[in-house]
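Structures for review follow.
You will see two complexes here that share subunit A, one where it goes with subunit B and one where it goes with subunit C.
Up next, the complex of A and B:
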C-alpha cells in the first residue's frame, strides 16, 4: 500500500486503485451490526453450555455432523461462485455473470433443502425447540441463519434475472457488490455456527 | 479470465480442504478434546478471515475497516475457547 495525495491506494491486477469498500458504506454498517449480534448470540450459547455441559454434549451427538459439514462445503462453493461473478463484472465479462450468479442461487437452494431434511429428521425424532436448552439454541441459531440464507438467495435470484438482461457492468456494479458482501457474511456466520453446535466436544 | 487462475479459486479450494480437516479429522477421538476444540476454532477463525479478505474484498479496503472486521474472528474464537475452558468437565 502507498498513498497518493493523501488517498490510500492498493496495487491490484487492474492497476493502482484507491482502497475502497465494495458496494456502499451502509451495507457494511449492517454487516458489522449483524456480526456483533451473532457474536453476542455465540457468547450467550457458550454461557448456557457452561451451566449444563452434559445436556449440551448428549444433545450435540444427535445432530447430523456429516450434513453440517456438507452444508459448509455448499455455502463456501456458493460464496466462491458469487465472488467469481463480481470478478467477471470488474473485468467487463458481463456474459459470464449470470452463470456464476445462478451457481450462487442453486447452492443457496441446496442449503435450504439440506436444512429442511435436517429439521424434518429432528421433528420425526420428536425433538422440538422446547425439548431442552441445547435444542432451543440449535433451532434459534440455525433458524436465524436460515432466514439469512432465504433472504440472500432471493436477492441473488433478483441479481441473476437482472444480469441476464445485462443490467450490470464494470461501472454499474454497486448493487451486485452489496448483495455479494451480504452473501459472504451468510457464509462466514455458518463457518462459526457449524463447529459451535456440531463439533464442540466436551471434556 | 480463467477461473483456475483467479485468487478466489485458490482460496475456495483451501477453505474446502480446511472444512474437511475440521469435520472429518479433528472432530474424531484421535485428539484430546482440548487439542480438537482449539484446532477447530483456530481453523474457523482462519477460514472467516480468508472469506473476509478475499471473498468480501477487505484486502483492498481502507485499513481501519479491514482491522475492525478482522478483529471479529479473533474475538469470537477467543471468547468461545475462554468459555470452553471455563466449563466444568463432565466427569
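Up next, the complex of A and C:
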C-alpha cells in the first residue's frame, strides 16, 4: 500500500535511514481536507457569533462544561492509547497491540455515551437545533464531530479484531497508521471545538 | 524466440476486431470540465445561484427574485439543461478507463456509468423546474413560485446518493490500480472520499431554513458543492492523461488495431 512517494531519506549519524509519512499519502489528503472543512466551519461559527454575541453568550452558559471537560480527557486518553498501539507495533510488541486498541475503542464508546447524555439533557430542557443560531451551530459542530467519532471507533474495532488475529506487525502497519492518524485528527478537532463552543466568551 | 513467438500469438489473439477510438474517448473525457464550466458560469453566476437565494425567503420575495432575474435565468438555465448531458458523456469516458483496471464490463465501472448518467436526470429536471418558474413568473401565484423553487432544491440536493455511488465506485477502482504510477492520483482518489462524506450533510435541507445545513448554508452548499466542483476537474485531468497512457500501453503490447 505504501508508495514510493511517501518514502523520504534522511541522513543520520548512523547513515541513511528511510523515513516515511505514517499510513498512505492519500489519507493525509483526506485529513488535510477535513481540517480545512472544519476550519471553514469554525470561521463561519465565529462570524455568526459576531453578529449576535448576546444570544451566543447566554446560550453558551447553558452548556455542560464539566461534561465537555470530561470528553476532552476521554479523547486525549483515547489518542494516547492508540499512539501506544502504533509504538508497540513499531517495536514488534504485537501482543500488546490489541490491548491498546481496545482502550481506544472503549474510550471512543465512552465519548459517544457522554455526548448522548449531553444531548438528552438539552432535549429535556426543550433545546433544539432550531432554538437559536448558537444551538444550530452547537448541534451541527458536535454532531459532525460525533459522526467522526462513530466512524473512527468502528475503524478501531476493526483494527482490534484484526490485531487479535495477529494481522499486523512491525512491517505490516500501514492500515493501523492510517486509522491512528485519522483518530488523532478527531481528537485535535475536539480540542478546538471544546474551547470554541464551551469556554470562549462571545465579545 | 519461442517466448517472443508465444507473446506475439497471444497479442494477436487479444487484438479486438474493432478499432479503439482514442480520440473520441479523449473528447468525452474533456466534456467533464466543459460541464463544470457551464454549471459554474451559467447556473452559478448568470442564474444567481452563487450563493443561492435564501431558503428562508417568503413566497413574495422568491417571486420578486424570479421576476427581477427572469432573462438571465431563462438564458442560463436553458443552456445549462442542454450542457448537463456532458456529465453523462464524461462518465462514459471514466467508466472506460476504470475497465482497464477492473476488467471489461466490471461491476463498479457499470455503477459509475449509471451513477453519472442518472445524476444528469435530477439536475436537468431541477433546471427545467426553475426555468418554468422563471418563464411563467407573471402567471403564477407567489406560493407556486416558492413551491417550484423549493421543489428544485429538494430534487437537486437530495438525489445526491446517486452521485455518491458514482464517486465511491471511482475511488474504489482506482485504489485497486496495481500500476506503479496509478492512472488516477492518490489526491483525487481520497478527495473523492471527502466529497462522498460531505454530501451526507445535505440530507438536512428539508428541516432547516437558516444556519450551516440549509441549502445555501456553509456545509450544504459551500462545502458539499465545492468539494464536488474540485473533484470533477481533478479527476478529468487524470482521465484525459489516462487515455494517452492507455494508448501507449496498448501500442507497447501490440494491441492497437489500426
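We adopt the following convention: the second predicted complex is superposed on the first by the 184 of 203 C-alpha atoms of A that agree within 3 Å, B and C clash if a C-alpha of one lies under 4 Å from a C-alpha of the other, contacts with A are read in each partner's own complex, and residues count from 1 in each chain.
We take it that a residue touches a chain if its C-beta (ideal position, glycine included) is under 8 Å from a C-beta of that chain, and two chains touch if they have at least 3 such contacts.
Here the structure is a predicted model, which means the values were calculated and not measured.
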| item | value |
| --- | --- |
| Three-chain arrangement built on subunit A, subunit B and subunit C clash or fit | fit |
| Touched partner set for A:22, first subunit B, second subunit C, both or neither | first |
| Which superposed partner A:129 touches (first subunit B, second subunit C, both, neither) | second |
| Partner chain in contact with A:68 - subunit B first, subunit C second, else both or neither | first |
| Between subunit B and subunit C, more extensive residue contact with subunit A | B |
| Smallest separation of CA atoms, subunit C relative to subunit B, angstrom | 14 |
| Subunit A residues contacted in one complex by subunit B, in the other by subunit C | none |
| Subunit C to subunit A touching residues, read off their complex | 175, 180, 186-187, 189-191, 193-194, 198, 201, 208, 210-213, 218-219, 222-223, 227 |
| Contact set on subunit B toward subunit A in their complex | 1, 3, 6, 8-9, 11-12, 15-16, 19-20, 22-24, 26-27, 33-34, 36-37, 40-41, 44, 47-48, 51-52, 54-63, 65, 68-69, 72-73, 75-76, 79-80, 83-84, 86-91 |
| Touching residues on subunit A, where the partner in the complex is subunit C | 3-4, 24-27, 29-30, 33-34, 37, 40-41, 44, 129-130, 133, 136-137, 140, 144 |
| List of subunit A residues in touch with subunit B within their complex | 1, 8, 10, 12, 17, 19-22, 28, 32, 35, 39, 42-43, 46-47, 49-50, 53-54, 57, 65-66, 68-69, 72-73, 76-77, 79-80, 82-84, 86-88, 91, 93, 96, 180-181, 184-185, 187-188, 191-192, 194-196, 198-203 |
